[in-house]
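Chain IDs A, B, C, D, E and F follow the sequence of writing; residue 1 opens each chain.
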């Protein structure tokens, strides 16, 4: 059995629930999805500042839950804390953006990211750049209106998002659409027939990529930049995180 | 049940056999691997010219076998014919290089490609560039000696390849090693404990990524640059390929 | 006397005839143009899949005709098979796209590619990228309507193409226009006064660049990635190509 | 009078003290340096994971101290939390790496980053990339031995760092050396005569750049991606940070 | 006291006067601004050809005035002659474009350059590329109408330039506006409240960056590509420049 | 008859003579080579400062000689003043570096630049970058010793340059060697059999490319960034250059 931690760095439990349903449907029969919603932070990360906070929450949660999962999914599209998580954990960690974009790369040459709020644009763009995938990006297209509730965005915005995706195909040359943002989990299934190119959503892609990485058994780096950092004392951090930082192999710095 | 075509664009049946064993081990229980070795071409593609020939063989074979598989793997590391195959086929097609590199991207930031013959360097480098992944490439490291038989390279060269991989980690900053080249199928499993970072090989990665794409059911593009090309008459091509080219939707050019 | 092979990887003899007229006009007095139209393939390459097929035809034709020319022109704008041809041949080989773009680079900083069918866009763009010239590309502008016959596109579409070229200058910042696509051979001469920047067409540029390379006598690489590949056995290929692959210098892989 | 917050995201008070001395020396007479050392975190940030934690500490501290300074310096070389801080704050915020690198750009074309621990390499490289300055980077050169105490690195390692800097000039083509890492504050002054190109250190550069930004009075963005994020509720965060997140202008998402 | 040479490579004395007023306002109390207008050249550099001429005038003026200043500002936005000036001079030299752009980089991620004449576009774009800052450029926006007098452009065009800047923010994603072109000196102060992101102008930024470089005392390169070139004889050049070229250290070439 | 101006921006008449001999040999029978050596400047341009001076001399000479040639060659490898010259002249202008590099691009994928003095490195590298060809550059390899006379470098340094070129092939992956620097004119012919890849030299390549551009009759841009600049008054410039600047079409700025 494979245990996948579905770690939502947003505090919105309803978003976690929505992703959980999608994740269970995407997962193999012998995969257990372990949902977790951070207790501290914001309901929905949309800016660089909120991503900084969310990244720290990711590390705290991973440290707390360490040992209870075989792979972890950072379930927010900009992948807050991903690099740090990959260093610290002995098991695979994937981000929603990373999994969605890399999967899209196997279905066409250029993808567009479509989501529901303009505020997300700069953070998403920096995320694509950080993954070195700007050459594969056709465009980022975002709705600019407000919405009633983060928990019901897919129902409220489905038609507008479909229009946006179609424009990305026609005007920007997108070969694939990546529906981005944890709140949109599940939307791909209901709208994909209305969009004339393959549609990928982060949650399902991340679940399957995490299973794939577990299945390959590639192992933890013992050298290079993703090896466990050298043990380090710390002050004022949650005990589990402090212990994780303190417990690496003896090495310089 | 998922039927995966393992399409070797090289004429070496023993290399196909080697990959088949790895593929079966990597595949899910309900996946059937359908091996196919092209009848025309060279025993082992190593240069741009040979890749041009192999690419055409890939399209011929896909046309011939069309309808008998749910996804196809182009089982040579430089992914000959991949873009064309993705246009023509209604089912997912993945390349060994593509699958290996994109999987590696989820285990670290930069990967090194390690293989057994210097002749492969330029073709591999152009392949990485074509996938837009040069920013993620730490290095390409290749053995420069000759070898006895293409079918037994892994046994003959294991130690040298391990040394090369370790150098890529130490000197080039590789976070992940991608063992490249169809003849190396299976080697990752036997040497990975001797290499201090995750080791990916194309065959296993491609099998699992193909399963993943089938599982996501992302569908065939009906617009954009990977839609089926408009129907086109042709002359002198094998009947199946000619028919495939002729049978697209009616569209301009 | 210099013998230039004008190798059309499309099966359209009328397109070859059109290019031949332009080529003869562009050529030096002591240059003989040897036209050749492939017997197998499609009337006009417009997609990645068709380019894969055309690339293989290029190698077959070059092998067949080897020894009868001093330089060869791959007379289709996306340069199918160019890298492989350059490896295999002992004489210079240039592509229509390559010659057109590099010549344009000496007349301004950024060029736009203008052609007659939207289907060509992705293939052309990947061709520009493969040549490492994306920084010099202002835009690719393509007509989106259908056309009556591939042999009479220039007459039918001249006005629309001029409009497109002018938009590329005004809106995209093009310093030079490259009229792309073998069927447009000869159009530059008739429309250039109506376009306010220099206009280059592939056929004339390729003829002159091929003459230039012959004139410089730069010679065949005996090392590096364009040296003749090591001899390799093959199966099922046309005799001339098989012999060419078998006849390289003795080297590893 | 200009009040500059010198915010050390490391918990090492002795490093703060060292930077404070350099900062005071670099500052204009009417500048007051306000030192602050975070209470939670690690003594010296060296990895991606530690940078994630430090970034969150930066936002907490800025929120806590908001209103008491005219500009802030994030006093760790990789600039943890910089983008988020720039969004949230109404006054200029600069990072040590950013200030050091941009200043170096005015003294030559390519700079090398020189520091005292190999563990810093990946984080620093990602920092350079995030700032879009990889084209200006000649190399990153790092010492690989251990050190006795983070507070006395400059004294202990001066000679080795000078050697490293000289190698960067001779072998990597560095026009300028950026001495990186908060613990090296003050070293530039003592070693610069032994290095044959200009030597910049982050602390002094950041103090002066912060003064410069205050002096220019460029103001806070009211639009674009660095405007104050829309107000957002939060849970479990320190009161000052929670209040800061809650207090933005009314806007969507 | 710091002596800053404000070297206008344009022959327009009224533009120098305008910049002088801005420079004096931006400068520290103990900074003396030394204005200089070249006697030979064009009233306002707007093209590549004019920049070539202006660059030579910059070197002539710097040689002539050598020893009378502690830092120099090349007071034209495209920084004509900057690299050469930096090689020859023993004191810091900064360009208006360089100072404006690098300062903008500390106030946001992407900047737009806004100026008053379309003719400036290609030169400015090449300048951004030469500084390696294309990744940070959101757009270049230029007015396309004519103007009455180079000396009164700010008064005549203020409203149109504000509109252009606002469009750059809304449509191009600019985080910061750089008002470019010596004739616009002083405009930032009067329009910045009407533009919703920070506004930087080259003159003020250059004055403060020059002071900053003097303050840091980074020194002259004695190695690397900005060391004083080896002494070289010359013919027909102004005596001061000839002497400067002749007076380097004895070295090869 | 085609008249080619061979414009040496260096003051060394013996270098002009050497290039003239090569140019005449490379030229078509009906091409007349018009040699010109600038009267002002340095014997051999090797640094950014010297290139600034040389660029202005190029424009002065072109203005002076305007009307006497059908195309011009800027006969120094870094192409000083090229962009400006291309704007001002109604006939084609090519640079030695540009012609050499673009020609090399048709003989392989990556070229190395080989020359005789380390001082040339930064200028050459910036030249490659300005042409947007860094992706095609394998390396720049330069001799570091001194030489007796600029006029006899080829004889003195042939063996060392051959060694350097061979290293570029073996260690840097060069497919083609570009022998750079006007003083090396003619060397390619004598050493090419000792270098195992094609060898290009700027002078011969530039002569033939200039002939090619004249032959294509592409015409002068009447729009875009290489149209003649709008007429502009000037002060203190040589009469011919002043008149050229004053004589453009009436346009804004």
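FYI, contacts are C-beta pairs under 8 Å (C-beta built on N, C-alpha and C of every residue); 3 or more make two chains touch, one makes a residue touch a chain.
Please read these numbers as outputs of a predicted model, since none were measured by experiment.
One rotation lays the C-alpha atoms of chain A on chain E, and its angle is 120 degrees to the nearest 5. When chain centres are defined as mean Cα coordinates, E lies farthest from chain B. The distance from the centre of chain B to the centre of chain F, each centre being the mean of the chain's C-alpha atoms, comes to 44 Å.
Per-chain CA centroids place chain A at a distance of 28 Å from chain D.
In chain B, the positions touching at least two other chains are 83, 86, 109, 121-122, 126, 173, 225.
If you check the complex, the residues on chain E that touch chain F are 11, 39-44, 46-53, 55-56, 58-59, 81, 83-88, 117-122, 126, 129-130, 144-147, 225, 229-230, 232-237, 241, 245, 251-253. Across the complex, chain F meets chain C through its residues 26, 28, 83, 86, 92, 94, 98-99, 102-103, 105-109, 131-133, 135-136, 169-170, 173-176, 192, 196-200, 204-205, 208-209, 212-213, 215-216, 218-227.
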